[in-house]
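Labels run A, B, C and D following the written order; every chain starts at residue 1.
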Amino acid sequence: MLLLISATLLLLLLPTLLGWLGEEYLISLASRILIYALVAVSLDLMLGFGGMVSLGHAAFFGIGAYVVAIFTHHSFDGSPVLSWPFVLPGLDGALVLWPLAILVSALLAAIIGALSLRTSGMHFIMITLAFAQMLFFFFVSLEAYGGDDGLSLFARNRFPGLDLSDDTHFYYLCLAVLGIFLLIAYRLVSSRFGMVIRGSRDNEKRMQALGFPTFRYKLACFVIAGAAAGLAGALIANHTEYVSPGLMHWTHSGVILVMVLLGGSGTLFGPVLGAATFLILEEVLAIYTEHWMLYLGPALILVALFARHGIYGILTGRERNNV
Amino acid sequence: MKKIFLALFCIVIIIPATAWSLDPVKIGMVTTLSTKAGYLGEEVRDGFRLALAQGGGKLGGIPVELVVEDDGADPGKARQIADRFIKRDKVKIMTGIIFSNVAIAVVPRVVSSDVIYISPNAGPSLLAGKGCDPNYFNVAYQNDNLDEVVGQYVNEAGFTNVYLLAPNYPAGKDHIAGFKRYYQGQIAGEVYTKLDQSDYAAEIATMRAGNPDALFFFLPGGMGINFLKQFDQSGLNRTIPVFGPAFSFDERLLQAVGSAALGVKNGSQWTHDLDNPANRQFVAAFRETYGRTPTLYASQGYDAARLIASALKSVNGDVAQLTALRTALRAADFESVRGNFTFSSNQHPIQNLYIREVVQDEAGIFTNKTLKAVFTEHSNAYVGECAMGE
Amino acid sequence: MLLVFEQLLNGLQLGVTLFLLSAGLTLIFGIMQVINLAHGSFYMIGAYVAATVTAYTGSFLLGLAVALPVTALIGMLVEMSMLRRLYHKEHVDQVLATFGLIMFFNELTRIIWGRQPLFMDVPAWLSGSIELIPGIPYPTYRLAVIGVGLLVALFLYLMFAYTRIGMQIRAGASNREMAAALGINIKRLYTLVFGLGTLLAGLAGVMAGPILAVEAGMGESILILTFVVIVIGGIGSVRGAFVGALLVGMVDTLGRAFLPLFFRLVFPAATADGAAASIASMLIYLLMAAILIWRPRGLLPAHS
Amino acid sequence: MSDPLLKIVGLRKHFGAVRACHNLSLEICTGETHALIGPNGAGKTTLLNLLSGDLKPDAGQIFLDNRDITRVPLYHRAHLGLARSYQITSIFPQLSVEENLLLAIQAHSGHSFRFWKKAVSDPQLRRELEPALERVGLEHRARDRAAALSHGEKKQLEVGMALACNPRVLFLDEPMAGMGPGGSVELGKLIAGLKQQMTIVLVEHDVEAIFSLADRITVLVYGEIVVTGTADEIRSSAAVREAYLGEEEPC
């Protein structure tokens, strides 16, 4: 608990601290870490708690980002997103646009989830991967929105009371979003719903014998995770002010998965640590060597082999599930 | 838990420590060194470094520190690196981007932060037209240039029924459009393939059925190798002459294609056999330093460095004088390895464009031979769209 | 009509190439219950080694002869040093470790062979083309690829049906404990299976070398296709992989070849080309989704 | 004995050439404790799996209270009042003991699309949890992870979970296998205590336990019924001795 408080305090004071050190640039990196932490926690909700190993989670991340980018693009152009069957104007207000991004991602997650969850284990891994690739190719050839070139936002979205183009404001918004989602996830995993999800991870057959239609609950979990990833996508679109199909590429899903496992799956703070470690490592290694993947690869293997609960496990010595 | 905060603090402290020597002019190079296209960035970087080494670590007599980082061909990542260069390293001049989609993502942000960007490769139409900017210079080519020259040549050579092939993404369509701008004959077929496709048997069979008298294709990197090998094996290369922009025919790629590319005519703004003093000197020095023949990318990296050198000399290393620096750059007062070189009003090259042929030299190495200059002092199609307000 | 036949042949050839890669992977998935993302890396290793040896000696066969054992050996080393420890772990750990393996191998290849692609040519005795149907010359090398693929299919069939090791593998697949009780050395068996799987991947790499660019990361472009094949065919089933590979090869080739024509009947040319290309690139994924709705465990699941 | 609660008509399940269940018909009455015995591979567990819904039959029908439940999926059968324990312990190893039982209780107390309130402290669930823990004697281990339990304790937990479902029919698949003598006796007492409350179908190798617990016994061999009868009838049946006791080595 003390650690939690000191970590929160550190995160709250980070911009001031960095300003004092003259390292304002790092605020932007910190926001990026928070956003990736959000998507990593959302993946962990289904992976660590629900036992659903998805290699296509970046698809929802990308969809959320694209929804924001497309509407913002049209809002800047003054052209409608849709003119038939009804006129849908462009938008750049975060309070409408971001929920829309969440909704669209959730809808897509419902469709992909309903199909993928008919299978499990290795099938599930490969099917989620293939669906994400399908979306990737769809957006690569979607010429109206830049295709492979991606789409630039001309400005960040409007948010009442905040100036998102200010890195510090944006940082606090990301921090708040992550904080709220962590709280939701914390309640979720120990709620009745969370019990069912964790039970399905451990022993799905038994859950059914007890009387749970597990498919529905797993699908709900898949949709919640997809929706949260969509929100993270909306944030990353605003952060980089740019989206591209690369966001949905399967290797990007792989990176998010790596963050979860590196930090410790089945824990809530593990993925946050994982995202931070991965992104910082990437920055630092890239400064020292061009061949950073030569070192990162074996490091991942070692984590898979020896660090069952990732960094979180090493730091706390705790088992999973004790949230 | 404490350990991680300690580690975090260390990193926060260590990163800046590496960046505390502000004497030389810092030039930030964001380029692609990993992924399949990694050799392109390597060429640009090596070309640039050669110029730097020849000046003894100085460009135009001004000490320069070159910071190179790999963007992995990922626009998001490139943007992040650019941010760091600008905000933390206080870089005033940037260069290096290979891919158009990366450039489109990064350049607007760079130039709006009052940082000069010199493109050593990517030349998307957006940045030449509507998105042009006084802080953006392209020292390589506007993307369409290399297709336009082929279109013109195919016309002159009397072909009237050409088949077109490109990947299904915006750059693919741009290159086809560039070709069509000067080509006047019929189109036998226009096919867009999946990005990163490896098997082209279906397209080749359809092409045979279309019975064209020539083929124009744009398939960069591995896609081009795949296609050329398979096209060669199909035997069609004996009946249908092949044309394309230089991207699938640089000297490093050619070694991987082998004889399959022999005889292909491609459009370029530079070849190692161009006969001018600057070029002779460059090619010899590059071969000596790196043990290989430079590609056009290397020449572009080299020219980028020499352009910067001329401007640095002119402002005497004071990169804070943005206006003076821009004026000096626009003068393009350097000896380009391409010979005559000036900037158009949208700050893209006005230069000669050549058709060259893939041949095998005496040593058995596959390389390009310049055939003729199709355009002299050619500008680009987007000058009119660019409203540079200065 | 002739064009349709030629395209069918192209589809068969793509299918057979995919089969070479999927057969090995489906064995590893099905028998060892281990998810291996790094299969494409062995495909790449096979191609690189063969290209290098061929370049030095000028003999394609020698390249093949060196590449196969080298790939299998590297595969078995990986199995013994790393993968073995992952059998009892969850799929996520296997994903993580093999993802790391991909990064490692790709970077290592770049360091050893440099960043530019490597050259590998069709051997002289397989170059040129044969007119299977008058007027339509077909590349001899592609016919050779089809031949090799079918031979491998036959070999695998005979091995599983008639040899001792094949039966041991099948026993190991259906019940580990049972097989162990029957005195089969499961550890050694798994190493062999992994070696066989990577050998097949290496073979696919060697065969693809003269057709495709030999470059770092070449395995990942085709890995996803392989996954689709295996999901369609049913994990662990070599027969399923065969059927799935042919299906994917055909659908992909025919889609690319004929979708633009169909679309041109309905839409103006410019729209048609773009739209057809987009749909064609997603076609196999749509096929996969359709098959999953119909049969979630694939067409020919290994254990029913 | 009253009306049949479970009625099985012509049930068939083959695994390739193995006839795990072949044209099997059987009636199980309300309130009885019915044991299934037979040599290994006789199809006892298969029959339980077919009844509980873990497996789908190739042919035949299953009726519960004259309602055809043959096609009713596994999870729905639980809501009709069928619950079971598994031969190989089937619990949630990563969850705590109380969470294991809580899930069983939660299963029949409304839907679980409740996302906010902590399940462990939900009074509605809590009320049933205490007796459920007590019933299988695991109060002192409530907070421990199920994976950390001893084999016997896991078996107890398994049975406890089945009971926490408040079933009308309870299927027990070798509940005493692998338990020490003390544990078996305890469990025997527990089952005996349940006899009044629900119908029980029991698969067990411990012949002593069966003869003392079961009202009726069915002997299966190769997926078919050899004989059904009371303990005494079975004890004296020659067919049983030949088919079953003759093959099974005494243990």
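Criterion: contacts are C-beta pairs under 8 Å (C-beta built on N, C-alpha and C of every residue); 3 or more make two chains touch, one makes a residue touch a chain.
Chain labels with UniProt names: A, C = Branched-chain amino acid ABC transporter permease; B = ABC transporter substrate-binding protein; D = ABC transporter ATP-binding protein.
Fair warning: this is a prediction, and the values are worked out from it, not measured in the lab.
Colleague: From subunit A, what is the lowest number of touch steps before subunit B is reached?
Modeller: 1
Colleague: Of all chains present, which has the mean Cα position farthest from that of subunit D?
Modeller: When every chain centre is compared against subunit D, the largest gap points to B.
Colleague: For subunit B versus subunit D, what separation do you get between their C-alpha means, in angstrom?
Modeller: 72
Colleague: How many angstrom lie between the centres of subunit A and subunit D, each centre taken as the mean Cα position?
Modeller: That gives a centre separation of 43 Å.
Colleague: Cα centroid separation between subunit A and subunit C, in whole Å?
Modeller: Each chain reduced to its C-alpha mean, subunit A and subunit C end up 32 Å apart.
Colleague: Please work out the Cα centroid separation of subunit C and subunit D, and write it as a whole number of Å.
Modeller: Each chain's C-alpha centroid was found; their separation is 46 Å.
Colleague: For subunit D, what residues touch not just one other chain but two or more?
Modeller: none
Colleague: What residues in subunit B touch two or more of the other chains?
Modeller: Those would be 33-34, 168, 194-195.
Colleague: Quick check: what residues of subunit A touch more than one other chain, meaning two or more?
Modeller: Residue numbers touching two or more other chains: 137, 140-141, 143, 293.
Colleague: For each chain, which other chains does it touch, given as pairs?
Modeller: According to the stated criterion, the contacting chain pairs are A-B, A-C, A-D, B-C.
Colleague: Any idea which subunit D residues touch subunit A in the complex?
Modeller: Residues in contact with subunit A: 52-54, 73-79, 83-84, 86, 90-95, 99, 102-104, 106-108, 112-120, 122, 125, 145, 161, 165.
Colleague: Quick one: which bits of subunit A touch subunit D in the complex? Just the residue numbers, please.
Modeller: Within the complex, subunit A touches subunit D at residues 184, 187-188, 190-196, 198-199, 201-203, 205-214, 217, 220, 319-321.
Colleague: Provide the residue numbers of subunit B that touch subunit A in the complex, in ascending order.
Modeller: Listed in rising order, the residues are 1-5, 8, 11-12, 14-16, 18, 33-34, 69-70, 74-76, 79-80, 83-84, 87-88, 100-101, 104-105, 108-109, 124, 168-171, 173, 194-195.
Colleague: Enumerate the contact residues on subunit C facing subunit A in the complex.
Modeller: 29, 33, 35, 37, 82, 85-86, 89-97, 99-108, 110-111, 220, 224, 227-228, 230-231, 235, 274, 277-278, 281-282, 285-286, 288-289, 292-293, 296-298
Colleague: Could you please specify the touching residues of subunit A with respect to subunit B in the complex?
Modeller: So the residues of subunit A in touch with subunit B come to 3, 6-7, 10, 18, 21-26, 28-29, 32, 137, 140-141, 143, 146-150, 152, 236, 240-242, 244, 246-247, 273, 276, 280, 283-284, 286-287, 290, 293, 311, 315-316.
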